[in-house]
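First chain written, first letter: the chains are A, B, C and D, and each begins at residue 1.
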Amino acid sequence: MKESNRLKENLTDSEFNIKGECAISLLLTKLDIINIDLSRKIGRNVIQMRYGRMKTYESTCKKLKKKNLEKTFSAAVENLTDLIGVRAICSYVDDIYKVAGILEKQKDIRLLRVKDYIDAPKKSGYQSLHLILEIPISFQEGIQWMKVELQLRTAAMDYWANLDHQLRYKKGKKEAKLIDEELRQCAEEVGKLDRKMMEIRKKIDKI
Amino acid sequence: MKESNRLKENLTDSEFNIKGECAISLLLTKLDIINIDLSRKIGRNVIQMRYGRMKTYESTCKKLKKKNLEKTFSAAVENLTDLIGVRAICSYVDDIYKVAGILEKQKDIRLLRVKDYIDAPKKSGYQSLHLILEIPISFQEGIQWMKVELQLRTAAMDYWANLDHQLRYKKGKKEAKLIDEELRQCAEEVGKLDRKMMEIRKKIDKI
Amino acid sequence: MKESNRLKENLTDSEFNIKGECAISLLLTKLDIINIDLSRKIGRNVIQMRYGRMKTYESTCKKLKKKNLEKTFSAAVENLTDLIGVRAICSYVDDIYKVAGILEKQKDIRLLRVKDYIDAPKKSGYQSLHLILEIPISFQEGIQWMKVELQLRTAAMDYWANLDHQLRYKKGKKEAKLIDEELRQCAEEVGKLDRKMMEIRKKIDKI
Amino acid sequence: MKESNRLKENLTDSEFNIKGECAISLLLTKLDIINIDLSRKIGRNVIQMRYGRMKTYESTCKKLKKKNLEKTFSAAVENLTDLIGVRAICSYVDDIYKVAGILEKQKDIRLLRVKDYIDAPKKSGYQSLHLILEIPISFQEGIQWMKVELQLRTAAMDYWANLDHQLRYKKGKKEAKLIDEELRQCAEEVGKLDRKMMEIRKKIDKI
């Protein structure tokens, strides 16, 4: 079989795909438990929405190409951290770090890497906190540690990221450049709004 | 039984409550169908999240008191439009009107009233489009038209509304007044961000 | 494009597939409403589980071949009633007819055909009540009536049908014949159990 | 506060209730993972349905009374194993033991007790496999081991148990006695059906 076919197969029907879905489902449950626990303590919802997805074959190929890597399954598994991805939309910026802090302390989670694009946004303006985690899943043959990328962001950051994502699909075209600049300015306003909302909430908390 | 007890009973275990849950579930399905249909046509999600709730007894009493109405079930049903409520978070401001327009044209929906708090925000700064609808539910004994309030908003409007909701609980206190003013300014920035995001999306659509 | 490719396309990514998912979701909601309404009235759950599925390309091809029909999308739509399918597991045999009776009376449902395999089981022993329905879905361009096959059965009938389904995959082999006979006997015992359970429930109802 | 009030409070809005919901949600996810993993290996679904519930205040009181225990929260926590309960409907009898075996081997699960009412049904005829488990939940303040009763049964056992449950509500009445006897005979037929279905499935597996 051609290597690229094997990549496709591994990312769709295979064992990897099924185990990935298990990892997603376990991390979503962990996030639910954190949310239920925190919400009871501080009297408001901390995670508004959360969902997971396995990276598609098309999207994996594109990313491997962009990184000048071979189109093989082993190249993908070794180099891409977001083959298995979970996203959580948090209520306020400080909630993001609260959730991250709780996850980091859990004994059955290994934190491999943190990429803080809130503290230092990407050049495009992209903001989010990424945690590369390993979580243990009990399969019939024993425990397997699965790598998952967790993206934590506010609703405003997510709003921006969705718009940015739509633009990425049309990249390369000349008009895209100008919009890029507008979008970057927009990202700054998103950042300002997030900080302002958090400040107001902190004042309300103190009343 | 005291009238206020009867109100409580009617809003919790009763037939009204069960029928309300049915109305919510049908309207959510209608929104899903609109979203699936539109998403296929324009290549992106139009509704990001949707959920429904029956107004609690406590919240109903508070609203009846504020409106100087009797604490009875009939006063509630006749005067409050949001005993049965559904909320949908749309991707962009124009998506809100697209979804509303499609719903209005459906033959098995009666549109009783539109309150456009996007065009004319409330004094507090609150923005959303409210549709008071009646939808027919087939129960064993025949069709019954149930009144539902549908609130349509963007993620940014929802962000603001959640914060405003937290403040409402602490109203009356002196400090709340100052925060009120800050929150109103924030609402304006939310409005600006929404318009900017929509403009950029329209430019991207044209590429 | 080859006709069989067009069939595949039509059954997977296409408009038909998306509209089918909408029809499934609406019928499931209708079943939920019937269940909620009935449960309140008779004090127990009438529908235990329900789910829907679009017939896969592979399964459609197999059925077209078995019926000596062309492998085209129009042949499939005109001749197969279960391209869009919903299944509901009811608590007792009489609940099946209760649910069917309520659906039949709903004004926004057209009943095209009833196949009562409970009254007259298939030769294999298969029991279920099949309703071929048309339900109206409001799409942007107007209302479209979608054909759906609803299968109503008890848990015992479903138990049997799942086992039978596993055997179908191995049909043609000599050993399958003998098992066929055992399975048919088993179907009779399922029928007896269903009737006995219903009788006991009726006695309990009367206490 | 009266002890019985405290029991009610503890079983409804309290920390215990919230932590119980977390335990349910984690065990359901564990069952999903087992099902996904096994289904891939043996080519059919092993768990058909699963759900959890916290024992209600009313039901807790009834059980405490029946066991001649005080109506207090500590009496309930120490003596009742099913305050937090999960039920899984498995496809065949041997699947029940497969699922149980996999759970028992998981390192982050403590098996406190097994009650095998399949091997030795209750006098009433009741069949199911009960596992009393402890599972660790990561709360903000650290790991807490929560006790959960997992009930594993086939669809036929569940069918019977639901009918038996309806009868329990009418116990004490004279007519209930006669029905009891009929129900016990029915349980034997359920057992026979389960064994027969499993034997046929094993034959199909071998083809």
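Some points to look at:
Note that in this section a contact is a pair of C-beta atoms (placed from the backbone, for glycine too) under 8 Å apart; a residue touches a chain by one contact, two chains touch by 3 or more.
Being a predicted model, the structure only gives us computed values, none of them experimental.
Fewest steps needed to get from chain B to chain D, stepping only to touching chains, is 2.
Between chain A and chain B, the centres computed from C-alpha atoms are 29 Å apart. One finds 36 Å separating the Cα centroids of chain B and chain C. Chain A and chain C have Cα centroids lying 39 Å from one another. Residue positions of chain C with contacts to 2 or more other chains are absent. Taken together, the chains touch in the following pairs: A-B, A-D, B-C, C-D.
Chain C meets chain D in the complex at residues 44, 49, 91, 154-156, 158-160, 162-163, 166-167, 170, 173, 175-176, 179, 182-183, 186, 189-190, 192-193, 196-197, 200-201, 203-204, 206-207. Note for the complex: chain D touches chain A at residues 15, 18, 21-22, 25-26, 29-30, 32-34, 36-38, 40-41, 102, 106-108, 137-140, 143.
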